[in-house]
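Just below sit the structures, each encoded as structure tokens.
Two complexes follow with chain A in common, the first pairing it with chain B and the second with chain C.
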Partner chain A sequence: MAISFEQIEQHLKTEALKLLESGKVILVLAYGRGYDANHPMPYVAKHPSDVDNIVFNEYCTANLARYLTRYPRRTKIAIAVKAADSRAVVQLIQEDKVCREDLVVLGIPVYGMKNFKTGEVIDSKTTGGLYNPVLYDILLGEEVHGQPVSSPYDVLAAYEAMDKEERWAFWQRELGRCIRCYACRKACPMCYCDPCFIDQNKPKWGEKSPESPGNLMYHLTRFHHLAGRCIDCGECSRACPVDIPLYLFHKKVAKDCEEMFGQAAGMSIGDKPVLVNFRVDDSDKILE
Partner chain B sequence: MSFEPKILGIACNWCTYTGADLAGTTRLQYPQNIRVVRVMCSSRINPSFIFRAFQLGADGVLIGGCHPGDCHYNTGNLYARRRLAVTKKILEFSGMEPGRFRVEWISASEGNRFAEVVREFTEQIRDLGPQTKFKISQ
Partner chain C sequence: MSRIGVFVCHCGLNIAKTVRVSELAEFAATLPDVVVAKDYKFMCSTPGQEMIANDIKEHRLDRVIVTACSPLMHEQTFRKVLAASGLNQYLLSIVNIREQVSWVTHDIDEGTAKAKALLNGAVRRARLLAPLTSRVIDVNSDVLVVGGGIAGIQAALELANTGKKVYLVEKNSTIGGHMAQFDKTFPTLDCSACILTPKMDSVLQHKNIQLMTSCEVSEVKGFVGNFDITIRQKARYVDHTKCNACLACTEKCPGKGVSEWDEGLVKRKAIYIPFPQAVPQKPVIDRDACTFFKKGKCRLCEKVCEQKAIDFEQQDTFTTVKVGAVIVATGYDLMDTRSLIQYGYGKYPGVYNALEVERLFNSAGPTGGKVTLRDGKEPQAIAILHCIGSRDKNNYEHCSRVCCMYSLKFAHLFKEKTSADVYQFYIDMRAAGKGYEEFYNRIIEEDVKFIRGKGARVAQSADEPDRLVVEAEDTITGKFIKLPVDMVVLSPAIIPRGDAKDVARLFNLSTDKYGFFMERHPKLAPLSTMSEGVFIAGVCQSPKDIPDTVAQAYGAAAEALTIVVKDKLELEATTAMVNPASCCACQNCVRVCPYGAPFFNETKGVSEINEALCKGCGLCASVCPPSAIIARHFTNDQVLAEMEGLLEF
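Coming up: the complex of A and B.
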């Protein structure tokens, strides 16, 4: 079964129009046309007449959950989510950043999404076998079944096999290229702190110039802040103008958290994020 | 000159710091390479403290807290256990030697154990040599 992006677009438009006309929501977060068809942008439809501008194609990778926290509470929002994005919505609900009642989640079961920079299919890299949204009110299209399911952590194997010197050299090289534009932080649905720790001057946590020590501090702390919360959408690496594979580190931390605490981020509204939770019988072995 | 490691100790006020006090009052000998900072609870420790300590030239970081179940605030060290476990994994995956970071549960009555852990950890860091990876060169 091939995914028909036109059909999803049609569904999306119909549902958005219904919701806006009935007044159930005051805005719909979806995708709009960018400077060409291969570069869609996040788009906010506020009037029924805006609905015509909504598009959906294989390059619509942006995670729209990023924009949920920008609106005040009690704003009724409809949001279009793919599989990973729906986990972001669940995670934000767990963290009490948005209310479930305020949201109408338009789930998009989809595979074969492509990186708009390279045209490469991103399924195996980031969505890791999850093709259907974990939370939705309205499903646009039919659930996807029969697609190859791989572990989201398979891509890590090559990096885990490196010894520590190689890994250090690898991350020094990658993080050394960082220009500190903070696009990763801007694109991330879980990075909503205001101010971000790296923008603080008292205490000053790290250097702000785009040089190795400050970059290391910024990225390591960011990986730590997203531990057990990163939902593996891979948007940070796609947003990165110098293509640092940040998703690898995030995946590694997510994998460790899942192994140690037995829970993946954003899978169920009832869960608590692993680092604000504990079990009395957590093993001390995790510290060795 | 032989290498003398610089170790940052972060100790919880109620257990490890009191334990260190006990080690002192009972005149136990332990290496003076450790500099102890007192915090009210091991869950007070922001992981950035650890990254920052390594950047500012620490060769090792030793964290002490109450035994799980004995926390003065009931659950603080249970949160800290999870958090510091993640810190450890992050340090490891970034390429840092895992032996430079250690978490120990030391109670207020374990002055002996505090001295012993510090001795052991100092030896371990001495073997690993100076920490150069994170350190910001002046």
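Coming up: the complex of A and C.
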């Protein structure tokens, strides 16, 4: 059964309207029209009359969990989430950045989402075989079954074939192109530090001009700040104006982390953030 | 601009042998802000200290760097010099060029180069050091003793006699530990129970000791002087406040459990006291053996109990006690020798381990003190095998220290109680202790046969199927021997308790490679641990005999007392603080802190640190993504400056 984006949009509108009218939430994080239909934008519906502006199509890739941490704690929010986005919500709940009871999670079971720049279907790259949200209160449609299940780490094959020197050269080359627009950090739901370490002056952790080694310092540190936390939505890579494949590093770290500690980020609100939760039987492989 | 003085110590030849100290001092003089640099033979000596004090005055120094041994040795010494000279003691920096440089190389060029790099880093950091003020806290005068064996008992009694309140926590239903299982003690052969039970009783009677049996420590919070210890009282299903120890219940109980006390050689009731002199002498119910818990009906004990003390509904309860110091005396286990299949333990009924044999000798034991095999026969030949699993590279390399002596004791008791021939299979005899060599000579005279050679294998005899054969190489004659015997006694390696790792984690203790708790210094601080205010005594530190264990218990009690006699304690000023403007409220600090110092302030939406609990370990600062946490004395600026200095060189 092909997925109907119109149906999802209709469900989204109906539920948003109900929630806003009943006063259960004061805002709904969803998508609205951008400068054309192929470039939808995040949209915050605050009044029942805003609901008409909500859209949903295959280009609605943005991870709206990004916006949860912008509102004060205890704000009642409804949020539309796809599979990876729901993991971001779960991870934020684990980190106690948002409270489960303040959220109404509108789950979107979906596949066939497309990169708005290239039109390429992103399922195999960043949804990693997940089509249904891992957490939701209201499911907008029916759970997806029968789609190909791929490992989230399959796309790493070419990267992992490189040896240490090649990887270092690869990242020097790729990160050397960074223009330090910080779109990656803006798009990332887990990048909520304010100020970010790279913006600090005392101590100055890295140069701010768009050149190495400041670029390396920024990205390598950011990669590690996201270790065990990246939920693989791929938004950093899609937001990047110079198309640096940031997701490769995040996935590699996520894979190592999952292999070592047996826990992927944002899968269950009962989990504890894996890298700051010590267990006596934790793997010591990280020290080797 | 700061005015730094650098003082390079020779430590006799300890440092001077592999670091060109005068060259290091000349190098120091060239570094920025260094106004005086000197080297001296022993900086920690009185003339050395005076030299520093004079230079502080003469050169108006505001930072002092001493390049010498580990700060664990003399940081306090030099801090006092600064304080006496009117400088804040935190303006001192120690560069460890002994343990970290001269002792790890033979090459004087390498050593000098590394010392220069370390010093270069230290100078960069010293320029950014800030004066800090130590904190003074109140001290709780109570002490927790964990483990009710002879070490714990002795330590508790000593402390209680000084008037301090002691909580003695024991996980079993009685105190006494392994010593209470023994029959006689070497080398004097006095009866173990006769010397131990009066002490056990004193513990029970002592007004300053709160005895907590069937209890385990489940959580430790706080720090030296102010520990908050949560103790789990395991359900006993008998209300000990009501029980009058008539023991009618233990007579009627139809349940059967395995007697841990008698090393599993016999059964005991499901409601039981482990042995007649148990303290407290009140029964507990073994849930796994109890007919009611297994089948849902019985309750015979409840029916016969006139005091209505049986309570099948009892649950584990938790209490929190506040103490100033802790003594850990958790003892040991014997290695499970079933894994050494060549010795047939668990396979041949004639093979015993040492603790089982202790019980056979004991008049309160399973055989009433008669030495009989599992089939009731008296053994005609007995082999005692030393070093089973210990002094063995494949298992435990350490010597278990007491086996030679208790094996001699066994030989004596076998001779006394049976007419058997007794053979000792030993690698070499270790009898270092007061009266031990004399005891060894005495046993030699008692017609015990000594075979110098480790028992290699125990097998079933081919000719007489109910006998065993011990195979070994007699290293004196160089011959391989096969000796038929009826009974084999293994002296297994003494190893840490199975849950020693959990205990170590609770109290932040480090362990050696076998799992024994590490002392702060093997010679000069043998009872202290790296966790301040936590002391260790007895075999949980390393295998030792009863005299040494008791001596350690006295020592640990004295150590604990040095803390709890004080009203106030000065704590390091090196704590962490949060810059709320940068805090991203990720709460990583709250999650990683082993001391529970950071907490999340929901109103302000930022983390804060309770400095009274902070030990300054810096873990929170290292996991803080926006570096909002400042670890005083190790700020990011200071550490980065030091690293730049190191890498620049």
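Operating definition for what follows: the second predicted complex is superposed on the first by the 285 of 288 C-alpha atoms of A that agree within 3 Å, B and C clash if a C-alpha of one lies under 4 Å from a C-alpha of the other, contacts with A are read in each partner's own complex, and residues count from 1 in each chain.
Quick note on the criterion: a contact is a pair of C-beta atoms (placed from the backbone, for glycine too) under 8 Å apart; a residue touches a chain by one contact, two chains touch by 3 or more.
These numbers were taken from a predicted model, which means no experiment stands behind them.
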Chain A as common anchor, with chain B and chain C clashing or fitting: clash
Partner chain in contact with A:D256 - chain B first, chain C second, else both or neither: first
When both partners are placed on the shared chain, which of chain B and chain C touches more of chain A: B
Partner chain(s) touched by A:M217 [first = chain B, second = chain C, both, neither]: first
First, second, both or neither for A:E165, with chain B first and chain C second: first
Which superposed partner A:K97 touches (first chain B, second chain C, both, neither): second
Which superposed partner A:F197 touches (first chain B, second chain C, both, neither): both
Touching partner for A:L287 - first (chain B), second (chain C), both, neither: first
Partner chain(s) touched by A:R73 [first = chain B, second = chain C, both, neither]: second
Clash-bearing segment of chain B, relative to chain C, as chosen among 21-29, 93-101 or 129-137: 21-29
Shared chain A contacts, counted only where both chain B and chain C touch the same residue: 197, 205, 276-278, 280
Chain A to chain C touching residues, read off their complex: 72-73, 95-97, 192-197, 200, 202-203, 205, 225, 272-273, 276-278, 280
Chain C residues touching chain A - in the complex, by the definition given at the top: 501-502, 505, 582, 584-588, 591-592, 600, 602, 605, 623, 625-627, 636-637, 640
Chain B residues touching chain A - in the complex, by the definition given at the top: 47-48, 51-52, 55, 68-69, 75, 78-79, 81-90, 92-97, 103, 105, 133-134, 136
Of all residues in chain A, those that touch chain B in their complex: 159, 164-172, 197, 205-207, 213, 216-217, 220-221, 223-224, 227-228, 249, 252-253, 256-257, 260-261, 274-280, 282, 284, 286-287
